[in-house]
Structure formats: C-alpha cells, structure tokens
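Both complexes shown next keep chain A, but they swap its partner, so chain B is in the first and chain C is in the second.
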Partner chain A sequence: MDFSVVLQFLISGVNLGCIYAALGLGFFIVYGVTRVLNLAQGEFVMLGGMLTVSFYAMGISLLPSILLAMIITALAGAVLYRFIIYPARNSSGVTQALLTVGFAFAIEGIALLVWGWEYQSLPNFLDSPNIQFWGATIFGQTPWVVGSTFFMVIGLFLFFGRTIQGKALRACADERLGAKTVGISTERMALFSFILAAILGAVVGAVITPLTMTSYSIGFPLTIKGLLAAFVGGITRVEGVILGGIALGMVEAITAGLMPSGYYGVIALGILIIVFLCRPRGLLSARGKV
Partner chain B sequence: MIRRTVILLMVTIFAIGGLISCAGPAPEASYKIGILVSQTGKFSGLGLQSLEGMGIIVDEVNENGGINGIPLELVVYDDKSSATEVARMAKKLIEVDKVHALVAGTVTALSHSLVSVANEAKVPLVMLSGTALFDDQLGAWCFRPMTYEKDYIDLLLDYLGSDQGIIKLAALLENSSYGEAGKVYLPKSVGDYNMTIVVTQHFDPAATDLTPQLTNIRKSDAQAIFIWGSSPAASFAVKQARIMGIAFPIVTTPSQSAPDRVKAFGEYYEMEPPLVSDDSKLAIWQQLPENDPDKAMCREFDQLVTKRYGHPATTWNGLGAQMMLFIEDGLKRAKVAPTNLEETRSKIRDAFETTKELNLFVGVYTMSPADHCGKVAAKDVLVTFKEDETVLLTR
Partner chain C sequence: MSKILLSGHLQYFGVALFAIVLLILPLLAGPYPIAVLVDIGFYSIVTMGLIILMGFAGQISLGQAVFFGLGAYVSGILTTQYHLSPWLALVLAAIATGGIAAIIGRAMLRLRELIVAGVTLALNLVFYYLVTSLVDLTGGASGMTNIPRLSLDGFIPEYTLLNYYLVWIIAFLLLIFSLNLVNSRVGRALRSMNQLAGGSEETAQALGVNIMKYKVQVFALSAIYASIAGSIYAYYIGCIEPDTFGVQLSVRVVIMAIIGGMTSPWGAFLGAGSIVGLTELLREFMPVLIAGPTGAYELIAYGIILVMALLFLPQGLISICHRLVPQGGH
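The block that comes next holds the complex of A and B.
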C-alpha cells in the first residue's frame, strides 16, 4: 500500500480519535465523581458549537464567542445536576442516566426551536490553511482539534494532581464516604464535575465545528461515540479514555478506507465485546481497583 | 301523577337518544391525509421543506372550496428520521386517525419502510422515493410519482462523457437504500457512455471525514467522481476532495443545491471544475427560457412559497407539493364522499391507478396497474454553482 495512503488513514484516525477522546473525557469526569453516566454530554458539544456560531455571527470575535458559549453551556451543566440529578440522587444509576437522556431530548428540542434544522459552520481558527505533505492532507482545523485534546488532557492531569479542587474531586471518585468524612462536600464536587464536563464539551463543540459543521441533532450520535471511547479504554482513567478514543478513530478511518464503511459499526461493536469479555473495566482499568 | 310524568319524560328522553344514536356517526367532514415527514433528526432539513410544499397546496385547495366541496385535512406526524418510527406512526394514522390516504414525504429509505404497512392495511400510500429499484415491490396500494434514476444518471454520464471526455469513473456511494440504487444502476449505465468504474467507495450518511475514501480514489486512475447520496456527507465529500487537491470533475445526485448546502459548501462547489448536479427546474426556474412549458408553474409556486415562508421554493418544497397535487387529482376523479372508510380508501387507490398525463414539477405521470410510478416524461436538468447561486448548466 502506498505510503501516502497509509499516512492519510493515520491522520484521519488521529483526527477522529482526538474528537472521540475529548468527548470521552466529559464522561470520565462526571462518572468518576458521581457514578452517573451523563448521556447528555453530546448535547453540551452541540451547544458549544451552536452558541459559538451564533455569537460569531453577531460580530463577536472568535475567542470571546467560545468563552461565552462555555459559560452558557456550563450553566446548562449546572441546571442538569442541580434540578435533575441532585433531586434523584438516591435513585439508581440507571434512573439517573435515563434522566440525563430526558435532558438531552429537551436540549435538542430547544435547539431546534432556537436555531432551526440547518447545519452551521465556522471558518478554520485563525484561517489555518490546509497542509499537504508526503501526498497526504491535514485539514487546517485538525491541529486545533489535536492540540485542544492534548491541552485538555494536560490540564486535567495538572488539575487533578496539583490543585485542591482537583484532589477533592479525585477523593470523591476514589472514596466517597471517606471524602465526606474529611469534610469534602460531595454534592458540591458533583455539581463541579457536571460544570467541568459541560465546559469541556463546549470547547470540543467549538473546535470541531469548522471540520464537521454543527446542527441541533449532532448531540446524540456524538454521545454514543464518546461513550464507546470511554468504555473501551476504561472510563475511570484519563489514559484509558484517550486510548479508547484513538483506537476507535483508527478503526473508523481504516474500515472506511479498506471496506464498505457500513462495517465500521460491526467492527466497533466487535471490539467492544472482545474488550469487555477480556477486560470488563476497559483496556486500562483504574489502578488499585479489582 | 307526578311520578308518572317523570317516568314518561325519562322514557321520552331515552327514546330520542336511542334514535339519534341509531342514525349512525355524522358523515366525515374532510378528506384526511396522513403525513409522515422528518421534522427532527438527520433528514429534518428535507422533511420540513417537503411539509412546507404540501401545506401550500392544501391551503390553496381549501381556499378554493376543497375537492368536490370537501376540504382536505392533513394529520402530520414526525417520523424522527427513523424507519422504526415511520412505521409506528403510520399504524397510528391508519388505525387511530383513520386517514383516507398516507404520504411518506421525506427520503427514499423512510418511504420504503411503509410499503408493506400500506399494502397490509389496504391504505393508499404516496411516497417520496428517488429509486426505481423496488418499483416491482410497490404492491397494489403504493404509488411513487417521483423520479427514475435512469433520468438523471444518463444526463450526468452524458455530461461526463461528451463534455468532459471521461472514460474512467470513481463511484462514491452512500450506505443507504438510496445508495443501493447507485450500486445497481451505475455499473449498468456506464457502458452506454464508453466508461468504466475503476474504483468504488462507500460512505456513511453521518460521516464527516471522507479522506480515506477520497485517498483511495485519488490513488486510482479515475478521471471523475460520481457521488451518489443525499446526506450532508455527500457535500463533505465534495469539500474534502477539493481541499485534498482532487481537481477532476465531480457530479452528484440531487439535493446538493438545497439552500443550506450551498450556503455551507458553496465555496467548494465552485472550485474548478465546478460541481455538477442533477436537479429539478424549480431550483433554477428564473433561468429557463420564456417558452419553457414549466416556467409559469414554477414561477407561481415560487411566489407562493416566498410569500408564505420568506425563501425561494426548493426542490423538496416542490416534491412535497407534487405529492399533494397527485392526491388532489386522484380525489377529484374518485368523486367519493369520505363516509365509509374502506370504500373511500379503495376508490382513492383506484383513482390513483388511473392517473393520466398529470403534469407535475419533476415529470409527467400516467399510472397503470403494472406501473405505480408512471413517469412518461422527465424534467431533470443539470445545474452547477457560481457566485453562491445554483445555475443552469449550459452545454
């Protein structure tokens, strides 16, 4: 096989993989602290993209548009936790996950009313040009996607490792009762995790819009992909989520190039089944956990 | 005395009530047409446009006194762009709403989900479907006054062969029932134009990165790409092909001239050589010569759409309107009062089957028991893109 073909598949795989990994990080943050599967994570990505497009169209420059989108999406995350998850905090995990699905449908409906059905787009950030090298093409926005995923991961490592807030979140994730005992407010940490996941989702939404466009209906398919990435890699570790995302992105790129792309779903599900049979907690399960 | 009067009064009231109930239900006041369109989900863009077109025709019909004095009533459900949902809502329309006819008004894949439902329930179904692949399976109750692939494949292949000198073609096909038609018809037709398909690639309707497929195409000795699909992924393919420096002709099946696609992808559609697509005359009616027999019809419809919705008429507005015009024509000839549900459905079906020379936006139709598509004259045109507009391709 031609080197440029292999290179293009790799670039496509890394691009898709970073998108799925970034989506998975949102699941990781919320699940780690609250043990709730937030199935509205894709809607945060949609809101981030649509809000950024709207503010940008009003004449606000790009960075302030993204910041405003992050603030509003963070509010949505806070609303989800405070008014939907918190009142149901004593319910089962399944119930809470279903409540997030209801929230996702509500957000999608509101988005349709506000923005309509049309797809929206943004120009590449800083008009980044497309790059051609060794016969392959890197879209201008791809470095932003990869770079933002990289900085999100670094940021999370520093946050969880070096800040009091981050360590408190980790404490809640590792041992909830023990965290309460030492005076950490688990409810406040849970709220913070939803807000943080929403902010990350908004950033992902803004960054991928120049590549994939956005519309009111992109949330749910993204939720599925992010969930898959998180579970394949191991939802309780950042490294696992990244690995899962990259793996799925590579699978999608390679199957699209080598066989009818309808096989992607079969292969992805096959991988999921094999991983769960061999490693029920994902490829990289959390340290110290059985 | 008083007791006898009260008893007599009660008996009288019950008797009158019994007589009234024996008179049977009040006759239906309208022809009820069940509409299944995608108002949400990935096909909502097309579904909502189709619904707009239907609404315009229904309002015009009712403002002019209905059909034989009986108004048209639409019962609309959202199929959520899901084949499962479309079948479920169709059953509701048939069994609960008791509609006289059904319309599946969005895309091929969803419409074909209803063929068995309509045939089993014996309800006439008018469907929006762009493929003739399953015409022999439409049964007695389904009608498809739409397009044949042959109408636009020939136009596009003739353009590639005669105008561009293409002999080696790449096929990029959508993974859907619409794309299935491409898998069947394209290989059958290319030989007529001295072409061969040197590489075939597929894409998911929800895909946003088609670089692997385009890389395979670029590596082959293809001289042009035929993209077969109606999803936004087909538009991504055009954009990414141009970014990757693929500079040979690209042609696509209809829907690329939808306003939201031109707005989002127009810059790439216009890159040399500009994209060429099949479309209806409605998309470019202003550019038709004055003596074109369809210009007046397109103008009138476009003015109605612009007045009501504030945007020019689109092809899917036209397809939705076309289905309503087909139904209107059938109902006028059926001359059936909508009192008995089964009888009304049956007579409407019979009327649909005897449609003759009906002039609609994308063709002229004559139905028969053997042919429930019945297109006797095609009206497809080739369009290209220039300065953010869809323009008629001059050859």
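The block that comes next holds the complex of A and C.
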C-alpha cells in the first residue's frame, strides 16, 4: 500500500479519534463524580455547534460566539442537574440515565423548533487552508480539532491535579461519603461536573462544525460514539477515555478506507462493542466492579 | 386464599371483558380511530415484551426498535426476494430475531444494568448503519417497498379493519401467554432475582435459580414480541425505511412501559394507549396553536413525559388501577 494512503488513514484516524476522545471526556467527568451515565452529552455538543452558528450569523465574531454558546450550554447542563437529576439523586443508575434521555429528547425537540431541519456550517477557524503533506491532505480545521482536544486534556489534568476545586471533584469520584465527611459539598460538585461537561461539549460542537456540519439531530449518534469510546477505554480514567476515543477513530478511519462505502459504521461500532464485551472493564480500567 | 381466588377470577373477568371490548370497538369507531387502534396494537405488543424484561426480569433495553426493525426487515426480505408466505416469514423472522437477541444477551447481560443500557442504545446505531449499507437487501436509506399484505382470503374486506383484528388477536394471545408466564415457575424465578420485586440476584442464585439463563431467555422473548409486531407492521404499511426504527422508537416504548407500569403485562395497553393517544392529539392540535416543524412537539412532549413519569409516577398508571381493584396473588 502507498505510504500517502497509510498517512491519510492515520491523519483521519487522529482527527476522528480526537473528536471521540473529547466527547468521551464529558462522560468521564459526569460519571466519575456522580455515577450518572449522561446520555444527553451529545446534545451539549449539538447545542454548542448550533448556538455558535447562530451567533456567528448575527454578525458576532467567532470567539465571542463560541463563548456565548459555552455559557448557554453550561446553563443547560445546570438545568439538567438541578431540576432533573438532583430530585432523583437517590434513584437507581438506570432511572437517572433514562432521565437524561428525557432531557435529550426535549432539547432535540426545542432545537428542531428553533433551527429547523437544515444542516448548518461554519467556515474553518481563521480560514485555515487545507495542507498537503507527503501526498496526504490535512483539512484546515483538523489542527483546531486536535489542538482543542489536546488543550482540554492538559487543562483537565492541571485542573484535577493542581486546583483545590479539581481535587474536591476527584475526592467525590473516589469516595463520596469520605468527601462529604471532610466537608466537600457533593451536591455542588455534582452540579459543577454537569456544567463542566456541558462546556466541554459546547467547545467540541463549535470546533467540529466546520468539519462535519451540525443539525438538531447530531446529538444522539455523538452520544453513542463518545459513550463507546469511554466504555472501551475505561470510563473511570482520563487516559482510558483518550485511548478509547483514538481507538474508535482509527478503526473507523481504516475501515472507511478499506471497505465499500457505508459498511465502516457497522464494522467500527461492531468491533468496539465486541472488544468492550470481551474486556468490560475497559482496556485501561483499574479497580471496581463493572 | 379467598383473596387469591378473587384475584384469579378478576383476572379471567378482565381478560374476557377485554376480548369483548376489542371485538365491539371497531363497530363503534370510524376509520381514523381504527387506524390509531392498530398503531396502539403494535406498540402494545412491543411494550408487553419490554415490561416482562424490565418489570419482571429487572433488566433494561434501550434497543427494542432494533428487534422491531429486524422483524420488519427479515419478513420484508423473505417475502419480496424469496417469495415465502408472509406467515412463514413472520415465524422465521421471530426465530432469527430471538436467536440474535440470545447471542447478544448472553454476552451482555452479565454486565451491570447501566452498561446494558449503553450497549443496547448503541445497537440502534449499529442497526441503522447496517440497514443503510446493505442496499441490495434492504433498499438502503430510501427503504424497501412492495412488501406483500397479509391476507385471510377475503375474510374481512376492509384493509384497516383486517389489520385491526390481526394485530389485536396477536396482542390478546400474547397477553394471555404473558399473564400465564408471570404467574408460572418462570415468573416466580424472575421475581426472586428482581430487586424491584423485593428479590436479589445473589439470593436467587444461592437458591439454585440459574439467573443468567432466565435473563437471556427473557431478553430473547422480549425481542420475539418486538419482531412479531415488526413483521405485521411491515405487511400492514407495505414499505419500510430505516428512519422508522431509530432510537426514538426504542425510547418511546420504554416511555410506554414506564407510563403504563411494569408490574403487570396489562400496563402495556395503558402505556401504549395513552402515549399514542397523546401523540395523535399533539399532531392534530399543536400545529393549530403554534406553527412549527412536525415532530418537534412530539420530541419535547416525550422528553417531558419521560422525566415527569420517572420523577412523579414511577409505578405507572397500572398502580392507580391496583389501588382501585382489590389485589391478591403475588
């Protein structure tokens, strides 16, 4: 096989992988702190993308548009926790997951009402041109996707490792009762984790829109892929989520290159589900019953 | 003892009354209500399978649309491309779907409930990709047409009415089967391992109940219910497309099971009836009140209903019936 073809697979794989890893981070944060499987994570991505497009279309420049989208999506995250999850904080995990599904449906319906069916897009950030690289093409938006994921991961590591707020979140993730005993408000931390996940989702939504376009209905497939990435890598660790995301991206890019069109979705997801069922604790996961 | 007997008699009485209502209803209703009742029938069958899975076996599935879709597509393929009789295709589709569900269940059901929810949710997407890429078999995204109708040799000439009786006879037979199942040895085994019914998996296992076997069997059974409904749906509509069998459908039947109540197979009719009825009302009246894209209000309403039901009526509508009717037995 031609070297440039292999390189092209690698580049698409890294690009997709970074998107899935960034999606998975949202699951990781919420699940780690609250043990809620937030099946509305993809809707945050949808909201971030659609809001950015709307503000940008109003004539606001790109960065403030993204910031506004982040703020509104953060509000949606706060609403989800405060009015839907918090009242059911003592319910079973499945009930809580179903509650997030209800929220996702409502958000999707509202988005359909506000924005209609049409797919929307944005120009590449700073109009970055496509780059030719040893016979392979790097799309102009790809460096932004990879860069923002990298930035988010570094940011999360610093936040969890260095700040008191981040350490409090980690304490909730490790041992809720213990965290409560030393005076950490687990409820506030849970609210915070939903807001953080919503903000990360909004950023992902804004960054991928020039590449993949966005519409009211993109949330659910993204939820599935982010969830599988997080499951496969191990939802309880950042490294696991990133590994899972990159693995899904690579499998999807390679099967898309080698298989007749269309089949790659089935094969990529199928492989991931099988890998997951064989290693249900995730490729990297540590302790605990799964 | 008398209470149990009473409850048993009430059960028979209820079933008999239900049969009479089903027979008489089309005589009173016009063509549009009959079409709605046919829809309710499809949903009731799928929901009943899900109620046995969720309410009695204590498992979850966010992927029933996949099994409904498998029933529809396998029947469609067998009748249009291999020219099998629709009834034979329905049975083969149900067997195939049950087998696939058993394999998936075998691999998946040993994991935690939350993981099962995630995996079954992912199945929706896998099925969608599969159907849209197997263009030669399924017609891809544009769908499959010319699926033959089920006929009873001119027994009932009016097409919707014929389907009304078909779907409701099957729903009725499945109700009787389900009621017997949940009151049998299998039903007791399921309750013994279901936390919601006061059992525990560990205790059940210690008492010698093969919980894995029962979980897989019930998962396959719920898939077979969905497959049967899917096959009849394909014959009824005549053309099927992948968008029908998406996650929306999977979640809709979960909503129906929760709204109806998961402590009895009867809950399926309450859940399916109320949600389909509400959807029809929304379709009729919302566009008159506020203009908007079709489907938007349904999505919002489903979301709100699901959240409200889980927060405020977790036992479902059947719990209200339980309070009105004296209960015994289990």
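Just so it is clear, the second predicted complex is superposed on the first by the 266 of 290 C-alpha atoms of A that agree within 3 Å, B and C clash if a C-alpha of one lies under 4 Å from a C-alpha of the other, contacts with A are read in each partner's own complex, and residues count from 1 in each chain.
Quick note on the criterion: contacts are C-beta pairs under 8 Å (C-beta built on N, C-alpha and C of every residue); 3 or more make two chains touch, one makes a residue touch a chain.
Just so we're clear, the structure is a prediction, and the values are computed from it rather than from any experiment.
Applying the stated contact rule after C-alpha superposition, one finds that A:L277 touches chain C and leaves chain B untouched. In the superposition on chain A, A:P221 makes contact with both chain B and chain C. When the shared chain is aligned, chain B comes close enough to touch A:S121, but chain C does not. Of the two partners chain B and chain C, more residues of chain A are touched by C. By the document's definition of touching, neither partner reaches A:F150: not chain B, not chain C. Once the two complexes are laid over each other on the shared chain, residue contacts for A:L112 go to chain B and to chain C alike.
When both complexes are overlaid on chain A, the residue A:A88 reaches chain C alone and has no touch with chain B.
Shared-chain residue A:F159: touches no atom of chain B or chain C. Taken together, the two complexes place residues 108-109, 112, 117, 221, 261-262 of chain A in contact with chain B and also with chain C.
Partner chain C is touched in their complex by these residues of chain A: 37, 39, 84, 87-88, 91-95, 97-99, 101-110, 112-113, 116-117, 220-221, 223-224, 227-228, 231, 261-263, 265-266, 269-270, 273, 276-277, 280, 289-290.
Residues 60, 62, 107-108, 111-115, 117-119, 121-122, 124-126, 129-130, 132-133, 135, 140, 247-248, 251, 254, 258, 292-293, 295-307, 310-311, 314 of chain C are the ones touching chain A in the complex. Partner chain A is touched in their complex by these residues of chain B: 40-42, 44-45, 48, 175, 202-204, 206-213, 215-216, 219, 232, 240, 243-245, 260, 263-264.
Chain A makes touch with chain B in their complex at residues 2, 4-5, 8-9, 11-12, 15-16, 108-109, 112, 117-121, 130, 132, 136-137, 139, 211-213, 217, 221, 253-254, 256-258, 260-262, 264.
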